[in-house]
Amino acid sequence: MNNMEETLIPKIGVITDVRIDTPDIKTFRVVTPDGKKAFDHRPGQCAMLSIPGVGEAMFSITSSPTNTEYMEFSIKKCGCVTEWLHQAEVGQQITIRGPYGNPFPVDDVFAGKNLLFIAGGVGLAPLRSVINYCRHYRDRYGDIDIVYGSRSKDDLLDYKEIIEEWSQDAGVNVHLTIDNPQEGWDGHVGFVPNFVKELGFDTNKTAVLCGPPIMIKFTLEGLISLGFDKTQVYTTLELRMKCGVGKCGRCNVGSKYVCKDGPVFRCDELEELPDEY
Amino acid sequence: MRKVSLDSINKVFGKISESNKLYLPVDGSDGVAVYTEWSEGKEWSNALNTVRSPKDFFFPQVENLMEFKTSGKNIELVDIRDEKEDFVIFGVRACDVRSFDILDRVFLSDPVDSFYASRREHGIIVSVACSKPSETCFCTTFGIDATNPAGDVTAWKTEDSVYFKANTEKGEAFMKKIEDLTEECDDSAVTAQKEKIAKIMEKLPLANLSADAFGGGKTDTFFNAPEWDELSATCLGCGTCTFVCPTCQCYDIKDFNTGNGVIRYRCWDSCMYSEFTKMAHGNNRISQKERFRQRFMHKLVYYPENNEGIFGCVGCGRCLAKCPISMNIVKVMKKIGGNKSE
Amino acid sequence: MQKITQNQLVEKAVSLLTDGTVSAVLGWKKGEFDYDITPAVFKTADEIKENFVWNDFCGANFSKYLVAQAGKHEGKILVFLKPCDTYSFNQLLTEHRFDREKVYAVGIPCEGMADIAKVKELVGDGIVSIEADGDSLKVSTLYEDAPALVNAKDVMAERCVNCKSKKHVAYDELMGEDGIVLESNRFDEVARLEAMTPDERFAFWQNELSRCIRCNACRDACPACTCEKCVFDNPASSVENKAPANSFEEKMFHIIRAFHVAGRCTDCGECSRVCPQNIPLHLLNRKFIKDINEFYGEYQAGAEVGLRAPLVDYTTEDLEPGEVFDRGDKDA
Amino acid sequence: MQVKEYKPLIVAFCCNWCSYAGADLAGNNRLSYPADVKIIRVPCSCRVNPMFILRAFQRGADGVIICGCHPGDCHYTSGNYYTRRRMAALFSMLDFLGIEKERTRVEWVSAAEGAKFAATMNEFAETVASLGENKRLEDLRCKR
């Protein structure tokens, strides 16, 4: 028997809670069969979830590392693994391995800074982990601004948590927007990049950006027009992955492997990569 | 240094195979050499090299990783890794020996791939110096000495004898096993052989091919080169180059439902394939040009950037010989690097 | 050996490009050695003069490239077609895979292409140059002082030895003289296998197919394989795989590959030419062709545009599947 | 250890309009045929892709039989004529690869031919049984 540790061999996880967030996003709570958290992680890291016979895929861990009881994954239905997960019930076992990738630099770069989180759609999933981490250690950071937009009110992820917890915190400002006017919505209407420009943030902030590629592109442009430097902006990438440890070659962009060297990149680092992500 | 007459080489093979599985290039029914387990009657091929590289020994094309049994909502995971036995690969050429180093840097870097590592640990490599290089050879471009290959044991085959020199502890142990069949000798014959081959190497058509234009940090120089369009225009997008390549190491992990369980296995994959990077929300390399570029950029720029300047190519020439459209890394290097070997 | 010269083709290509008949040329581009020739799209007369090559190693069938290239360029693209390529050309037209209006096809005679593996078998490795010299090839190697003369017939690719036709079935313009449909022995090897016992045949194919590395070159080079999404690349098909996991998958891939082109395969032989493992894949295709000829009457895919392939056709009098074994007593 | 009696696993692709009804009739008339014949209902015999047949063998079938309406009686006018050509070509190819030709068969069974259905299945199962297990088109992974 070969007893070496092998990262490709996963642990068994159990889905203990399924929360319906939006029409196509569900949040799954996962623990090991003996009720513990599968492993520790840092904000922004990912895990490989799989269902034997269906496939394996990389998901960002949406719960904060400060949660020592379980992990959460907010997953949008878009492929075969996610579709299968969406019909899974509480008690279903899956496999889980990780954590993979580099986290957001919450303890060094972010420490003492004002933070600006900008997310679009399911892009809030990877940021939720950082936001809750920063809220947990509130005194280590300056002001926190959160700009979050989605297609409609129903598509806003973690809406309850945002309204009931985040926006109640001192020094945390939440700015929500939806793409099109909707009955029962009296907040801002419009796309995230424009909203960011309208809000006109001070450049004394470190920004963290996640969303669809097109949103990232225009929001970054918006931030730069506001005077932000690329070194102040972080984002997180997503590419197809199989191994999660920089060996299978799939997420290779330039000399970087998104699974191992990312998924968190500073925007000036991204610029050095060939335009292939 | 020890030697054995070529007539007695099968005795050496017989001796080794008493204790270990022994693989060596043997001519197949179609006359093409292929690594085959030695048994009485099998003859060591005279071919320069095999079509399929020896990377299979450490990184097989298909390898089962684990199994799952599912019942209701429950999953049981079965670790099927077993302890490997020592085996000998005999007759590996210098280029292929280097390819193991290149694979090592991927699979043995943290976190170590235990499947690869256990095979690597148990493999004993007996390399053999080239005596008749082909026009497609260009290992010298990457600083490989075909007359003096690395490996646990280095062998030289002359007209009438095979000479051995152990390089590692594993190699010493190997030599010990065949001590009775070999005799101590000086290295004059080997030196003469080396000199003779070195002269041929100088005359090879690709002898002056240089990779100096490439290396880490050159992404910007080459990534947007206009030549990629032309080079990739007729690429079929097949996986021949990848699968005959001794250093290509991309893989896929897949599940196979057997009807009474699930086998999770990995198999070679190719960055030349259209769905290599395809995911639910799209594909970041949409045309063959991008996929083609990825393969060569990885070998010539990205890999060296991450590995102290070592290129991800060993100049074995397999892709030169086997590409259906004869497009290959040499043509790419010359075109993109503006390097003419003449 | 080739009756038409490289210069003639270069002149033709340059003149058609210069007079605006075409805006691009699909042709053979010289490589590092005299035999590693790459299909290329030429855009300028200078490129053509410098790099266009025509010799005994220009085996690639350009028809399939028209699927991607026809219509990609302003105006027409010039394509040189050997007789066997014209059959693929017609077959692709039959299947509406490219726009005929965007192509200017020039038929060129072919005396058969050489197989570099056969050359190496005769003269050894280390080839530095190969020149045509009458009916011979003059091959210089690193290891012999004097070049070796080999008869071109002796190193001809299998598909050319058993050439089915020197007749061009499609072109806008023909260079040189047209040939005729030949009586070939291309089914002899199939017949030889048919005459074996099932056990022998099984052993034969097991040995051949076990070498498959599933590089997909046979499929990707095949002018009949032009599906936008191959069933073997489609994860939803549940047969998608990157590697032959075992002998079953090897067989399945090759049976299905050959079956998908049965009745549409023109027997151009590209599959076997490109196979890095020398698997005689053309025998599978020829088996289908031979069967179709015997069961449903002589049929040559691509002989004309618009022919209905035998497997998408029927008569009420067709033989029963069980009867296919009763012809002759080969297995009895 | 007791040796398990070998019973061949037969996959029968039956067209919805004739052969499946024929199988029904066989059942209604209490005509017996082996329990190891697994029927897969297809809309028409020409729905059977060669891949289905190979996959059946992969998954453990020892014999595969395709049953459709008699030529001329296809519910979709001509489907079974195409089946006839396709399967002729495929079976011949399987034979060419050395795979036992007795393992594959096409039979035309109408909705009224319950007796023929049962007889065909009995006879086919017997033929396949005499060949033994399918070894030449097996996938060892599925045999554990």
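For clarity, chains are labelled A, B, C and D in written order, and residue numbers in each chain start from 1.
Criterion: a residue touches a chain if its C-beta (ideal position, glycine included) is under 8 Å from a C-beta of that chain, and two chains touch if they have at least 3 such contacts.
What you see is a predicted model, and the numbers here were worked out from it, not measured in a lab.
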Shared interface partners, meaning chains that touch subunit A and subunit C: B
Pair joined by more contacting C-beta pairs (C-D or B-D): C-D
Computed distance of Cα centres, subunit D from subunit C, in Å: 36
Gap in Å, rounded to a whole number, between the CA centres of subunit D and subunit A: 52
Intercentroid distance (Cα basis), subunit D paired with subunit B, Å: 46
Rounded Å distance, subunit B centre to subunit C centre (Cα mean): 30
Where subunit C touches two or more other chains at once, by residue number: 235, 245-246
Residue list for subunit A, restricted to those that touch at least two other chains: none
Touching two or more other chains - residue numbers and ranges from subunit B: 252, 256, 269
Subunit B-facing residues of subunit A, complex: 1-2, 4-10, 12, 50, 52-56, 78-79, 82, 89, 91-95, 238-240, 242-243, 245-255, 272-274, 276-277
Residues of subunit B defined as touching subunit C within the complex: 28-32, 34, 48, 51-52, 61-62, 132-136, 200, 203-206, 230, 233-234, 236-240, 242-244, 252, 254, 256, 265, 267-270, 273-275, 320, 322, 324-328, 330-331
Complex interface listing, subunit D residues touching subunit C: 50-51, 54-55, 57-58, 71-72, 78, 81-82, 84-101, 104-106, 136-141
Subunit B to subunit D touching residues, read off their complex: 256, 258-261, 263
Subunit C to subunit B touching residues, read off their complex: 31-33, 36-41, 60, 65, 121, 124-128, 142-143, 207, 211, 213-217, 219-221, 233, 235, 241-246, 273-274, 276-278
